[in-house]
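In the two complexes that follow, chain A is the common piece, with chain B as its partner first and chain C second.
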Partner chain A sequence: MTGAGGIGYALIALGPAFSLFVTVIASKPFLILTVLGSAMMWLVSLIACGLLWRAFLPGAVWVFLPLLITVVAIQEAVRIYYWHLYLKIEDFLNKLATKVSKQQLVATDKIQIAIASGLGHGIAHSVFFCLSLLTPAFGPATYYVDSCVHMPLFLVAAFTALGFLLLHTFSMVIAFNALAGDKRSHQLFVPVMHLCAALLTLVNLLPGGCIAGVPLTLMCAVVTMAVAGKIVWDKTGSGSGDLNSLHRVHSASRL
Partner chain B sequence: MRSVPDLENAMYQSLQGYPCVRLLNVTGELGCANPGRTKAIAPIQRFQDANSVQLSAPRTLLLPSSALVGFLKRLEEADGSSSSLEQQVAGLLIEYDNLSFPEVAGFSADSIFPQAEFAPYDTKSYQWNPTGSGIMYRRLNFPVFLLHKNSTDDVQALAAKNERVGFKYPLNVAEFNAVMRTTKAGTHTTESCLRENSCLPLGGYSVWSALPAMNVSSPTGKPIVLAIASMDSSSFFHDVAPGADSPLSGMLALLAAVDALAEMGGLETLKKQLVFLVLTGESFGYLGSRQFLAQLKSDSNFVMGLNATSIYQVLEVGSIGQAYDSTFYVHKQASAATTPTLQILNALKAAAVSLKDSTSKPQVKPASPSNPGIPPSSLMSFVHKDPTTAGVVLEEFDTIFKNKFYHSQYDDASNINVEVIASAASLVARALYMLASDNTADTTILKSIQVNVSLVEAMVGCLFHQEPGMTCELVKSLMTPSQGFTTHYVGVFQQEPSAIPDPYYIEDTSRFVWNFLADRTELNRKEWKKFSAQNEECTDACKNPEEVCVASTADHKGRCIVSTTRYVPAFSPRLGYESSGWQLLPLETGDTMGAADPVYTESFWSTIGLQVYLQESSWFDEMVLFLGVSITAFSFFAIICTKAVFQKRLKRA
Partner chain C sequence: MEKAILESVGGEIVSIVTPVSICMLLVVLLVHTLTPHGSVVAPIATVAMMVYSEKPNDSLFEKLRGGFLNGIIFVCIVMIVTFVLFGLFYFRFTKCLRVYMGFSAFMVLAWMGGTVMVELIQFFSIPIDVITFGICLINFASVGVIAVFFCQMPIVLTQGYLVVIGMLVAFWFTKLPEWTTWTLLISMAVYDIMAVLAPVGPLKMLLELAMTRDEEIPALIYEARPVLPRQMPGPPPTSSSSTTVQPRRWSHLGAPPHSLLNIAIGRGNSAGLNVDSDNFQTSNLGTVGGHELMNFVTEPPIAPEAGLLGSRLVSSTEDAGTLNSVSSVLAGHQPIDPNVDEDTVPLVNPGTRNMAAVDRMELGTQMQPRDLDEDELERNDEGFGLGVSGALKLGLGDFVFYSVLVGRAAMYDLMTVYACYLAIVGGLGATLILLAVWRRAMPALPISISLGVVFYFLTRLIMDPFVVDLATHLVFF
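So, the complex of A and B:
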């Protein structure tokens, strides 16, 4: 729908990612690498899922149900694997810091790494599920699927991508915290929310479903953001730990 | 849908249609084009007839074909300097139809007296073609397409969808790409566009052949009987100009006559020489016949063996495919020399008498003396050159055209009758033999001249039907066509006019006529001892300059034969070709036809296309951009605030 429309859709899907990248990630090279590494890992998991399900697609509509369940399961398993990798790296970095007499990783560093990891997942999702779809949106035509006459396909894709971007980014914050702290309810929250959001997108398949499906996806994202916010709030609150373990005393950060 | 390219294909639908393109002449432009350099895009709206068209915003009009003339007339009448109705028309789509609208009225894109300015008499208001609308000569500032059958159904559905939503966006729009080079170059007449190389002159290659073959380097000096037909037609949409009755039925009759005469022996003993001439470009200022006469005058290589003084009599075979009452009318100009012209009429009558036992029983009658003169025909060029020319035009009609679809897309195979054409062919063949024998041939010989009806049927299938089209057996045995289904619009002249004709640049119809005539008029090698005993193989040229290469196709080589069959370039004699390109030549005094000649040229274009898709209103796109920018800005702001809040919180802790 012309350049204006195309850019608009791209900004809806990736604008917040861009903002987050510029304000939080860009100044720290290690975080940039984290974003890239996490994106790569997410893509590998996606390829694995694709190989698994290639033979069954395109198929009947009910195929989406087992497909979504297995894919979410695989991605959550990969998240756990990623967490273990992260622990190894955290250990290595701390040892390195001790060697050169610098401060070890503090809580804010860990939260930033979590955000970067989540952002990597989110950006990879947006690029593959939305950005590639947007190329025709730069032309003069638009497209409406039969089951959604309220908004163009591109708008649905952009909003859904936005929702999942926020979901992935802040899920990682919750997950890191939960896996480190061993709090069962928080550990379950991420996979359950991920599965919920994925299954709720099936609502879009119903005639006129996008009117409900898109807001639902965005709501899942908001809930996730709220939970992540609460966790970080609690963590940074007074009495939650020694000052030095929370944030860097000196502004010069080598991370 | 499996991929993004699939999505893109689903979004855009290309339509099949025939465009109306931009032509230019010495005074200005005609035809249709995009108004500027950009594509024309507007939502599709359908109306049932011309009078109900009411436009409140720029639209792509979808009209049934019966409404075309009425709508263009409405535009013409409403025309101040900028009629608001015309301004709202972004483009026009005409539905395909099976001729369901009142057939009795007929439809012709040409005028009521086609090419009246060339008539060698003063009554320019005579109504030869009463169904004529003249829309071919209109200049329109929007693109017009005639839709194919399949595309018509699709577009009707899209227009209905637009109606259902009350023309609220998103709407189905049509995108026209008919941007003409002459518009981009700002050249609006023939002279300026030829100078700027933004157009090419109309033209092609006419074909002449002699039976029996003549020794062109040392002609015998026998008086020549010239039989003429034309192979080009026209219509509002150049890609559908079948011209089955007018004028190609005449050409079919002439070709079938040549086929019959070629079987006869002893032609070289007759007193006169038969020469056949199939002209092209006659619909556009008689450029074929005028150029032929100009070539004769300048004694060019293309017409070696002929000269203007040796042409004694002219028999033109016009539209003869609808003579259902088996009566053919002989039209002549009052100024024609009495004796030789009467001889032609008598030859035709003798031919008719010899056919009185046939199933068709054709009759020959002189045309009504109340006619102002000859009907629109190539003979007009000859009469202008020499009013005493002994020539006649054989037609199916007496005082007005029988063809109700003259120069329109409806003048197709259903508009002609094979038996009638075969009957006319017999008449022409026997009359020509009679004339060649100086009207001395007896009935027995005449009766032995037999026309092959299945040949006529085959030619109709090749020239006027989609199947088999030009890939039919008859054509394929003689040449490889460049396309399966051909239109008979003359097209543009693509070579340098003095160059040896390169078959690559010659239209399929011309090539077919050339190969057909060469093949039929092939001289028996045994009769001419100076030629080798065998036909050599060839692809385009023969070692012996007096031989020509016939029937060279992609599948098999041709053979070198002795035949006097030649191409003659056809383009307006008002044009000349220099190293810098085509130029308009100054008008010679006394050249009445040249003064009347519009000198048609056709604009170049890079691509002509038509597609439809769903489009949002522009404010929607702007809203989406605004939304994206806002979300990005808001997130920036939110992150910075959150960062500040947490930093404060950490400092406090």
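So, the complex of A and C:
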């Protein structure tokens, strides 16, 4: 509904991503390229899922369950593949650093690359699942789905996109850390959390379900953020919490 | 404390991706505003539609066949014009080329720009009178021509005008009917491969001629800012293209034995203009070509350890991004008016330092005034390359075709726009990587255009219904 509404929805879905981008990513060109690359990889996985399930949609409601399971499986497989790609790039960057007499990658660098990759996934999700639907929202009216008379479609989509953006961003941090350190519990945490969040959105299919569905999604995002925060806190030693000061201590805590 | 590697890697790529993104964004905004969904845009009669004029009632086969014929004819005309420009360059009709270049840029800015402005004024109901509008338009176009071709101006102004020229031409191209647009894009991508890689390709011949003659290739180029300031002093100012004062335009830097292509370091020299000693500015060369936009990335002469990313890494004395050593030249072309064709310029990989892609013959050349380190000259033995500058250069034709693709995607839905944008940027990155790996002249258009077309059709046919269905059921993943 009107320009203000449309912009509002867009900001709900992408505001935190924008601030993350400006503070962490914009100053380092390599991270910008990482965001674009991981967004493209997410898009390819989405197209693959679409190819798989296009014939079944629009269809019966029960189709969503196997659809979600297979789709989450595909995306987690892509995440593992992305991790292997990242290892090669990390190797390359370290060699490059040696040749130009600069420091090799330190823990904060790796965390930043993980954030950038996760943000690429998250932004791609938000853009395709929310932003591209928002064009009608700039008009004079709004739209309610049958199963959710409490909130317009755009609002539900915006909040859910926000939740998934945060989830994708920080589960990439967790995943990188877990795969590097070979921690089983965290390795399992990421796909399980992703699957939980996806299945919880099925609650939205029930009449009036979005009242519960949206907060549940956001809660999943908060849990993921907490776990990722704890990992980063542990990893960077006893320095203060913000990323900038970590640069000062990283020489002491090279991991 | 040493600076981290992450600070500087990739700066040049971002400095080229940014203006491409801005151009695409402007075209999408224009298309979205001025082309309401569902309206039938009356196709304009152009040379691209000589053979077949698409009507909505034609069958699919008719449209495909007609579009295909249009594309073939267009590519043939482009090829002929490229050869004509090559001939002009060969016989040294530089003044003719220069005048043509300035004239065509003025036409783009004044005529196409004026048309777009009139449409915008009508859409937003802006109260402005004809006389004011005329004066503003003439001034805008004149400053644009001067900024791009003739004078040293603040580089932001030159860059801005180049992006605007690319945007206007791309917007004009989106007015073509749908099937013709797609077949045109695909035909130009195929032609690009041929023109760059085949031995008789006009662009390849043009580049080699310029190398042997040690002259600048006429081109319309976007030049990105150097990432970090260079310590090299600029070349001494000259008032003519005398060769006694200036060093050779094309120096052949040899590649190390196991390697890479060579780079030719070209020096910018502006005939009749004083070359600014500021490294960041481009000088307009006297030889102005036809529709060639040459794009080459040049770097300032760097320390002897400079090498190529990937096989010989550089230890640059400057703090420049390490990708400085991998510069690619992407060439694009600029269609001047409906009767003008565009050529594609091959992507030429110069060698250890620069990679140049010469896409098309374009009017106007932009070279960087550059100081050449004599020791580096001796170090190299063969190969060719293009001008040395601190910045990455991209030909305007690439801007145009990328924006045409994205603009046409915008006519369907914003989801296709996002998908095509990611595809094009991915293709651009892949082209740069291939350039670094293969080290030879490579066309800039094919990978991006083919990825973009594939993603457009996949998104439109498969992903759009999939995502919309999921979203309207409020199921996300």
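Structural remarks
Simple rule for what comes next: the second predicted complex is superposed on the first by the 237 of 255 C-alpha atoms of A that agree within 3 Å, B and C clash if a C-alpha of one lies under 4 Å from a C-alpha of the other, contacts with A are read in each partner's own complex, and residues count from 1 in each chain.
Heads up, the rule we're going with is that a residue touches a chain if its C-beta (ideal position, glycine included) is under 8 Å from a C-beta of that chain, and two chains touch if they have at least 3 such contacts.
The structure presented is a predicted model; accordingly, all values stated were derived computationally and were not measured.
Taken together through their common chain A, the two structures put chain B and chain C side by side without a clash.
Once chain A of one complex is fitted onto chain A of the other, the partner contacts of A:G213 are limited to chain C, with no touch recorded for chain B. Of the two partner chains placed by superposition, chain B and chain C are both touched by A:S132.
In the superposition on chain A, contact is made by A:P140 with chain B only, not with chain C. Once the two complexes are overlaid on the shared chain, A:A161 sits against chain C while remaining clear of chain B. Here the vertex is the CA centre of chain A, and the angle it makes with the centres of chain B and chain C is 70 degrees, a multiple of 10. One of chain B and chain C touches more residues of chain A, and that partner is C. Legend: residue contacts after superposition of the two complexes on their common chain; A:P58 is shown touching both chain B and chain C. By the touch criterion defined above, A:V24 reaches chain B but does not reach chain C. Shared-chain residue A:L188: touches no atom of chain B or chain C. When the two structures are aligned on their common chain, the gap between the nearest CA atoms of chain B and chain C comes to 5 Å. When the two complexes are superposed on chain A, the residues of chain A that touch both chain B and chain C are 58, 132-133, 135, 153. Chain C contributes residues 1-11, 13-15, 17, 307, 309, 313-316, 321-322, 413-415, 418-419, 422-423, 425-426, 429, 455, 458-459, 462-463, 465-477 to its touches with chain A in the complex. If you check the complex, the residues on chain B that touch chain A are 2, 4, 7-8, 10-12, 41, 170, 175, 613-616, 618, 620-629, 631-632, 635-636, 639-640, 643, 646, 649-650, 652-653. Listed in rising order, the residues of chain A touching chain B in the complex are 1-2, 4-5, 7-12, 15-16, 18-20, 22-24, 58, 108, 132-133, 135-136, 139-144, 152-153, 155, 158, 162, 232-233, 236-238, 240, 243, 246-247.
Against chain C, the residues of chain A that register as touching in their complex are 27-33, 36-37, 39-40, 43, 46-47, 49-51, 53-54, 57-58, 61, 64, 68, 71-72, 75, 93-97, 99-106, 109, 112-113, 124-125, 127-133, 135, 145, 147-148, 153, 156-157, 160-161, 164, 194, 197-198, 201-202, 204-205, 209-210, 213, 217, 251.
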